[in-house]
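The first chain written gets the first letter, and so on, giving A, B, C, D and E; residue counts start at 1 in each chain.
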């Protein structure tokens, strides 16, 4: 399957993996955005990826999705992947429900789409053209499109960024449900540290083109924001990201 | 100035206003998204607008920006407005710095753009094409473009949604600074209740096509998130939005 | 006078009617108001023992293109297209000729023009279709007046464009042939300055594909077809009004113009043999155009003629018929 | 500063507290307010088809005016009345109608073939680098080759039946479609193609659901052009052994100096242009309704 | 499960712990992993211009082959050698070179005027509803009108000098540009126009900075077509009182049945097509570099 011809000299039985990245480098105009990155994700693991804006998170996701091949290094990913991009990227020429079922094997009927849309609270807009959706609606449609795919690896790029607090909780719950039911690996890019700690088994912080920090979240589920261990994790991550958790705005 | 011919019968001296909306209705395909809305913003006031995804916040902003005239009702806005849209809407055919100075009066030189971009942390990308920007970078460029305009009314549609925690703080500070220096009225759409309470003089919640709730934020600046009054305001607003502030994810 | 009742028109697409019956088909290239119309009007298509498939072309050169491409076996053209076809090395053979007056080959000038004689053309602008019979006639007329092409401003224009230029006063004269000559005169827009009488040979030809002539049966059909054409030509001379009517209808020409043209040119034609005179006068055209570099090589026109269908026809110097002035 | 709570109360106090005065009473430091005028107040409601006839009708009126005043002599361009009479004659004796019938058939076949060829080639060279390498340069070469020069070759290759005529129309139709579909394909947003790929679309699925719809606006422009070219090509096609057809009618009228008939043909062509536009506009309304684009002010 | 902390350590253990084996040892329930092959491993590096010549060169080779084997008799199409000789003769006696010179001049002027007219009209009808109502239908009408029929009118209006020739080229060039620029303008994303408006751009600023750049890809397709049409229109333009030019050469060759010269002209035209493509490609590379679009696989 791997086309690499270097057979190992000493056989080893590595742990099973859903994603295996080794020495990944991606350069834009001579500037390495990802620079010798190494990453393994266990099957069924929920990983959150934090990092400064422009640090290369989306680039990494595109590589993992198999959409960017101008790379060096080894990347192993499952065949069945689903992606929710940072921008919704809905096909403007297909009504929302058709966008959701687009690319599903077989002849998926509309009910599938309707159900997925209803789950993200968009049941009433399934017949709309994508360009008439509000920002959050488009993002939810894009999320629904990723979730109906039942993948082995779910790649989510800030899927809740444009959602209000309530809708966001619903959407988070949906992702968590799919993850538990399907047992797929999830890589969630987010800027919300609380969200990362709430959902993930492991939180990664990307910086300077590599995974600069890793934090296991060994809290029991369901997790409580009010739990002091939760707050501690959150604060330590925020610190790692350079934010003083008590930041007051000098306004 | 107002072209309306109905002169008031009883003269009155209303409070000065930066925005005055009365009986505003906007219908899409027969469905009223904004339905008899009334809104006044004082000059120099910082107003945050919360609301469920799809409730019509962006629609309201587009109306106030003068971009949507398929309306009924009275809308009075200042001539000098600046908008940061929900999607960055950068001109793909102009390099980032040219996008920033686009439409500025006179022959603005590049230094103006460079300065604004440096403030949002994009100094190194000023020569880039918009499509090579990351999600957060594009959003910051769009924000910089709005901020260089020195408007009387600043309309911001979720301008920090795609920013990581640290970058977000910087961006928030920038907006606050401009607001204080220029004394302009600001209408900020956001999904982050904390952000709303942190920045605004008044927080509005939109629902069912009208301003359904209003909350004055009479905390001194600089504000502290740890302040119990802050937490109380935040909790009450979250509740108003339908979220239990202590929500635990049933995962 | 009547049109054929035996014609079995296939109509529709394919661009061609078919007449007659039999196993042999003669593919004849034609122009609107040409051989088919004449033969039909003269009743010469009634008892064919072979089929004729008609193909319509807009002018001589494309018709010869089709002959060269073996798409048609035979077709009628004027006196210059075969020259150019020969010059280009096309596979064509002149098999029959007819001789008419050259009064239709004329240089016309506007009615109120100050030009009186051909010699007055010096320094004037003259419209002419390049490579047409009028082109040669213009050269010949100028030569006779002691001028050459270089002494006038030649404006190369196709007839429709030349008419516009002529009526619009953009040119001083127009070298043209019938029915255009008749049309200009009839419309009262011009008068003849000089014509080709005695200068040009007044011939027109039937040109066949050599390949078709090698087939004996086809050659026989060609012979029969030529015979019918001669009879039809006689009929035209005797029934100028009837023919003019048919011709006008077929082409959209005004009837008066058609009648003038029949009397001036078309009706006067007599079938003649393809003889030495034909070859020498055509060779003169070849040489003239070769001097102008319009024909790439000085071909021998004799190589493009076939005398086998001459029969007992009179020599090509035979005087054309004339209509009495009425 | 007041806020209406949902549902908004009826506002009987509106006249007593007109916001329109506020700006005038605002101090100099305060921003001038401008009222936004709802577009419903500005729009005049003339139906679209009527507005679109303005241009042609104006042209016609100008023509009639110039003819009537003698500024345009009948030599130059006969008056609309004369032309209408000639057109009437042509319709009456059946030559125009039969010409249209014959030509329509040729155009239909040529259009069909040309659309297939043009779109097919555009797909090959739009979708595949290798296809582009092989096809594009050749097409770019061939598309500038004039019909006139091809006719002799076509006669040799295809004879003088219907084939060369249809070949010419096909050729004419193919190129605009090729150029526009190709440009359309190459103009599809790379982000949407990525999205399509990530959704697990097969190569054909990608073409069908992403690339072709994305190229559709371009294809429509190509079609608009092709519909015109198909009829224009008749002028050449019907020089080859034709005795009917609008192209033939035109060429014959030209050969026999029937200026009036030429003008009738020109007008028929102009009408065909309008028809083509109508067809494409209808198609666009059906197929591109998803596209919220600029529609002029 | 290991994570490299920044900076990534050199990985000497890589051969001892190859990740490539892992998938094979994974249990059935676990997903099959596929390795993503970097594109650098797949790409062959033949320069673009070389790859683009493949098509034309193949065509030429085919022609030579068919001629050499006799499958293509000289009657049907002379061999490349013959044609080259004829072309050589034409170049030697100066007729081809002078023809090109004369024609080039006409094309240049016509192209310039046509671009201005086409783009101007497209702007008027693309930008303004009222402009569309007045202009669009008229243009759609006129664009299908055949040159052949217009020539007599042009002669009367413009005489028989250079003017009617240039008018014909101008006309031919205008329409494809019009259609494509118009479609381009109407295809500009309404969101960007809104953004431009909200930035306080004046009407002209909006046109200059938003609408025109947005319509540029379409305009390029139009230009590509126009560059071809300009030369094609010569075939008609140079029927009017011309004694030089490539169009004249072609028409003359046709009247004189010089199939060989016709083929030479066709090849010159084909070459011009390639040239036009090259010009537009270069322009596109310069002007559309901002556009990350689909580039074929």
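Just so we're on the same page, a residue touches a chain if its C-beta (ideal position, glycine included) is under 8 Å from a C-beta of that chain, and two chains touch if they have at least 3 such contacts.
Please read all numbers here as calculations on a predicted model, not as lab measurements.
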Problem set entry | Partner chains shared by subunit A and subunit E (touch criterion as defined above) | B, D
For this session: Would you mind naming the chains that touch subunit D and likewise touch subunit E?
Result: A, B, C
Exercise. Whole-Å distance, subunit B centre to subunit D centre, using C-alpha means?
Worked result: 42
Exercise. Quick one: subunit A and subunit B, Cα centre-to-centre, how many Å?
Worked result: 28
For this session: Going through subunit D residue by residue, note those that touch at least 2 other chains and give them in order.
Result: 75-76, 151-152, 156, 251, 254, 259, 262, 291-292
Seminar exercise, completed: Listed in rising order, subunit C residues that touch 2 or more other chains are 65, 69, 158, 160, 163-164, 167-168
Seminar exercise, completed: Touching at least 2 other chains, the residues of subunit A are 66, 80, 87, 132
Seminar exercise, completed: Chain pairs that touch, by label, are A-B, A-D, A-E, B-D, B-E, C-D, C-E, D-E
Problem set entry | Residues of subunit D defined as touching subunit A within the complex | 191-192, 194-201, 205, 209-210, 213-214, 216, 289-292
Exercise. Mind pulling up the subunit C residues that touch subunit E in the complex?
Worked result: 61, 64-65, 68-69, 84-85, 87-88, 90-91, 127, 130-131, 154-158, 160-161, 163-165, 167-168, 170-171, 294-296
For this session: Enumerate the contact residues on subunit C facing subunit D in the complex.
Result: 12-17, 29, 32, 55-59, 62, 65-66, 69, 71-72, 158-160, 163-164, 167-168, 179-180, 183, 251-253
Exercise. Touching subunit A in the complex: which residues of subunit E?
Worked result: 1-8, 11, 14-27, 30-40, 42
Problem set entry | Of all residues in subunit B, those that touch subunit A in their complex | 28, 50-54, 57-59, 86-87, 121, 125, 132-137, 140, 157-158, 161-169, 172-173, 176-177, 180, 191, 193, 198-199, 221-226, 238, 241-243, 246-251
